[in-house]
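What follows is chain A paired twice: with chain B in the first complex and chain C in the second.
Let's look at the complex of A and B:
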């Protein structure tokens, strides 16, 4: 039994993760746990206005306070205006979104950093912040993207328009499509801004080495921001180093720079080490959110359940700075009709600046919003023609070999239909209510979500693998581990290929000076990209080992394998050899026992933006969720009786981890569906703590039953697909579809809180 | 102005100079360098800072450090070691209950205190028992599994 025949020893089995022990013993040092002797503490002065002109900032009193080392404003930043970068190894043109390290000229959102203070203690920082005098001229601002688009609207930035960008997709002629429809269903859906609400807020430390290198050790999904940080400071890129220790949750919220530039700036200005830890309030107010969308769906269907036309209009609130808004909107646009084959399609989308907190990446990257749109719409259309929702979907699911609305052919495994059938089977017969005020409903949702970055980014990942003289294995890979098993899966892959156990593998990760750059931990790309790079490197070593053994024993390579620390000679087991012995043999003969491999994702040119035709993503993960709810018609409370989810994981690398991703994703999405939403009063966040910004507790969520199909048809190692983002996308529509089924009314706005459900009942 | 408090931290006596308004969480992290105790909100809303204080699970961010004078504090590091982990720690690892791990220290302490009170709980009781501890990664499913498995194991050992 070995990797050779794809009869894995490790891959695909449920295994405890290799990072779990240190975490449960309390040994893992997160970014905020690090202390450096003599370090300064850094805090930000944050704007109390969402829109204002900055007239003057007087820092003299703060600077005079004993224990204050530096007070810095925009004028102290060498390159204060910079552009959001993806941090990847290749240059990308277009859509470069300006952002400022510290506010200058104008304040654009409530909580924007206006100045930073570095002092001996956090308490002195607080004192100093109070002593900074800022003169603002309040401006009216604009808080609604539709308003922001009107001629003469308040301008958020310095440009002539608040429009950031727009896309379109055209497939056939929708007018013709609608004319062939028996029924046309039209709905407007709104989804709010939400927060990532990771348990660890943004934090990090930084210091200057004796070699003059500035090192930032931060909670981040992107160590390759060292390039952007260097640019802000005007330093060569090789003078800035970023380390990402284990991250206490990311979900996209640590994809953009958070504390890094502030820390680097303080080191650059003072030469002293420093630390910055954001409060929960700062985290909820000041870092990028998931975009609020307003979506209009118009769908034409025939009586026998065929989708003949779909017209989608998307308006996205980018908030105060561009950040990743254009890319996120592109994701939404390409996925706007979901995993369905629609005869004619017309999608128009726009993203617009407002004076709300800026929005950026959040698990799903634009996929979650449109999934709520298309999956609610599928249920509404099914209802309009009196067809069972699953049956209706089955008549329209895309299959392998079909073309998406963008013309892109889905050449890999597409198991959406199988997951849809499976979840409804798992959900079973609808429970019968025994109380007059309790109504029961069932709902489902399917989704397609890409894994891996957009193909025109020419994405790459590198990994270095070596085998030591005692047979233990080292992986060096610049991944950021944000808790989904990013490093553990690399250990599984290396162990499988080299015939050792997971415990025999050490993974060094997340350090731009020591680990080969592996790109961002975003876009559900780590297993796919770094898994492939690690597999490639481990295979190269395996080949060297087997080649040497073959010569040494005069046995063909085909008869050799590496299993359980042994070289196995299948035809003559008595000639088996300890792995350690083989490694030593190789070492003494100068056989290379290390390999640095690069995996290149399939690359394409930009899609054609005039028609929206072309390829944007390498591949997709398909799956479905289904939910049964009991709604109390007196209180609007929706209790989930059953929650099931099924995905084509391609090939699970660690079953336990893969299940954990699906369960965690389901609940993350359920928060979106049932309870979460940043509330604003003219740009001011009204719910900046966990007492008012509610996320699911163990009491809010049901038992979650998961199932996996393993088609082997993914682009990742051993045919794996990605689960991180895909698992969270269909929860909200599945939940709301179940509620609507129960109450016989439509709910088209998130979150579907008990109040919203009551309101729908009364309508 | 600071005052000296003496606590027993994971079996070791410690004297800490704390401010009158300093939280126990801050005293543990900043004075005693017990960095395994996590800060998720400083506000009593998340449970990341949970420690055992004289055997009871408390949100250490809500306890004033001076009020902890003379008490016995146990953090996740005091529950077990790599050689001798506690049943709950072992169960968290084997059940896949740990993703980013940021909630884990508080979660494991709450679970330990909960099982001490209720050694044979139903899954619903476990959910209630852990409802003060937020986890954003796992969806709680495998955490509930972990506590249920630890209870089962305690049980079969007791029999």
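Let's look at the complex of A and C:
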């Protein structure tokens, strides 16, 4: 039987995750749970200013304190500055950024690490930090990207301009497009910086292996930072090893290096094992955030609801260092008009350095900001022409075979319209308020979000699968499991293909010295990339097993299958064979029972910079969210009455996990819509803890009803698409659209807090 | 790091015999839900901690001589589930229920809530409207009892002397004829600090407001009784003008500031709105509650 026609036993079913019990019982050992006898504790001295010149650092008193092993500043780092093509595996121009381990000469943001201390106890570290004398000369700094662009503006870095990069997309002539519009709708939207707010802050341990290899066990989404760490230390890449145990949440916040270089540096300098765990305050203040954007949308529509022109201007606050800003801006630019077919398009985007905490990857990678822009704008335009928001969207949704504004033809499944219709159906009739101070509204939002990295990066992943003599299965794959079931899905795939149960598969993951490199757990790429690599490897073993069985039993391969630990002979069940028996047969005959497979994503050259035309992404996931809210007109509080979401998952590998992703995505996006936002006073974070930086609690999260379309039209294993990032993107605009529907007023700034809602109500 | 002495008495007599050993500058703590976050923000540890959370007598809720008394170490969780409180004083249960999360409520004490004197303390407006007294015990053994209305002096400043411990609170039950409400405006549903809160105890005679006590929190440096509102309302017949008059009067009673949780303007708006809503509801509901 060909594998393609097979009915799945495991894939697509709601299966408990293979790692669930250990996590629930508290047995899983996360990076911060690791202790090494005699380990040092490492803490950072963080800048008290957002913009300052470093005149002098005196570490002598700290060094003299008993129990202090090392106090390190920029001058102690072999290569304190490296130019990194962040996360990149294929060189193109314009994407480099400076990675600076410890502040040198000039401080760029409040909380930037100026020195690190390694001491016998965390308390001694704290004492030592107080003994370090730093002489700063306070500089004026610049905190607003528009200000930072002005001639003569304060320069954040060492370059002549604060502009990091800019893009444009041109499709047709928007002037012509607007001239054909019956109505033109223009709005400015602002979205703040937000944090990832993972349960586990940045942390890890490191030690010198007996083999002389600097080994770092850290909470990271990218074990391949071993290359960057080696560069900082001036060591060959094969002298640094990174291990990622189960990660307590990533959301993009652990895509950049966090604790790794500090730990490696301490091991390099002292030879002693060490540990670093960031406090929540450090995590909120110092680590990269989702970019704050100011977006101007000008939309031309005809009376019968056709989008004839869309002009978008995006200004992104990169914060103090470049990091992934150019990449993120490119994502935003390509997706700026959303899953809609617009006759003429003009997009201009810029990202600019300021003295705010740097911004970098965050679930959605530039997709969430623009989705708030285009989906708010769709509702405003629908209202302007008096059309139902779903009907208006239906007249403009992109379909399979259509071209995006970048000219890219969507050759794979595009089920946006089906998800839009579905969510409004699930939401049902609007509830009628029975209280004078409660008004009820409904809103929806659709989105397109890529899965897989940009095609010019020529992305690859590798996975090793083997079957042991007792029929149990091993997968070795360098994935980082950040809690979404990255390893569990690989177990499902191997189990499905090799006819065993999920419990029979052990997945060894996240170790640069032991598992084949699988790339980053970012960009919603793990199931797509490593799932395909694992599928390829498992199929190769399956082919070997069936080939051997076919010869042994003299039955054509087409009549053989592997099911429930058995070789099944469909035409003659009495000749079925235990899998273990077949494996032993293969082993004694020298048939290969392992396979190391590489999956290569489709590769393209870079898009045309002058017009923004070309292919940037391999494929997209499409979906919609819809929300019903009850707004209290006394207080502006918006209670969610109903939350529904529908995605084309392509093929859900594990139904439960896929639903979990959609639910989690909804909650993550809801925080963005309703309450989150880093607040600054001239670069200083004003809400550096969870008492003031608010995220939704269990009391704020409604029951989330999910539905899935499984078109089978994705590029992942079995036709799967990716859900991790896509599932959170439309949440905020759906929420705000519902609130606007309820109060009959517009809200164009996030977060839509009770105060903002009351203000809009009374405007 | 310097050592911090820790005392953890189990009974009232253990507590009082400890007094002679307490160094000057000791600090009383109970659930530590305010103390620990403050220490984390860098507030200096005292030389000694007197933990009263296990003192049996301070954990009691009882009714005597038509007064309800509540020990300082009674937790929010206990207030929420206590029969006496639920039956006789549901407004206090509802104030306590709004505090933090289940985790917080199982540690946070009423004594700590009042001693800490945050303007947003959720049990403060309730106790103010109940005309509660604060019971204090000094380390020299003397006790005194003062009205809560005179306890909050200024932002985080109280009438409690450094050597005094709050032992509890007492008040007459509002009685079955009283209509009561606790209202809280936070930025989210769970674990939210009040941007404004309000407690109201109202006695009506048909359409007339017979007697009223209203207190607000988080709209001034201290939790406060809304004297102008009470004056405007007392003895008045319910009407739209009555509502407007009270909503206007409240602006004289409060003096909110803008902070990370909300602007002064928002606080003024919602204070008026929750007041108006409570009054409307009080008179819309036919019977008493």
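Keep this in mind: the second predicted complex is superposed on the first by the 748 of 763 C-alpha atoms of A that agree within 3 Å, B and C clash if a C-alpha of one lies under 4 Å from a C-alpha of the other, contacts with A are read in each partner's own complex, and residues count from 1 in each chain.
Convention: a contact is a pair of C-beta atoms (placed from the backbone, for glycine too) under 8 Å apart; a residue touches a chain by one contact, two chains touch by 3 or more.
A quick note: this is a predicted structure, and the numbers were derived from the prediction, not measured.
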First (chain B), second (chain C), both or neither touched by A:687: second
First (chain B), second (chain C), both or neither touched by A:26: first
First (chain B), second (chain C), both or neither touched by A:755: second
Partner chain in contact with A:666 - chain B first, chain C second, else both or neither: first
Contacts of A:697 with chain B and chain C, given as first, second, both or neither: both
Chain A residues touched - chain C or chain B, whichever exceeds: B
First, second, both or neither for A:175, with chain B first and chain C second: neither
Touching partner for A:600 - first (chain B), second (chain C), both, neither: neither
Doubly contacted chain A residues - partners chain C and chain B: 691, 696-699
Footprint of chain B on chain A - complex, ascending: 14, 16-17, 19-21, 23-30, 32-33, 35, 196-201, 246-251, 277, 279-280, 482-485, 656-657, 659-660, 663-668, 689-691, 695-699, 701, 703-704
In the complex with chain A, residue positions of chain C that touch it: 1, 37, 101, 185, 187-193, 195, 260-263, 266, 269-270, 273-274, 276-277
Residue ranges of chain A touching chain C (in the complex, touch as defined): 123, 127, 437, 633-637, 639, 674-675, 679, 686-687, 691-692, 694, 696-700, 753-755, 758-759, 762
Chain B to chain A touching residues, read off their complex: 33, 35-36, 38-43, 45-46, 48, 75-77, 80-82, 85, 89, 92-94, 96, 98-105, 108, 123, 126-128, 130-144
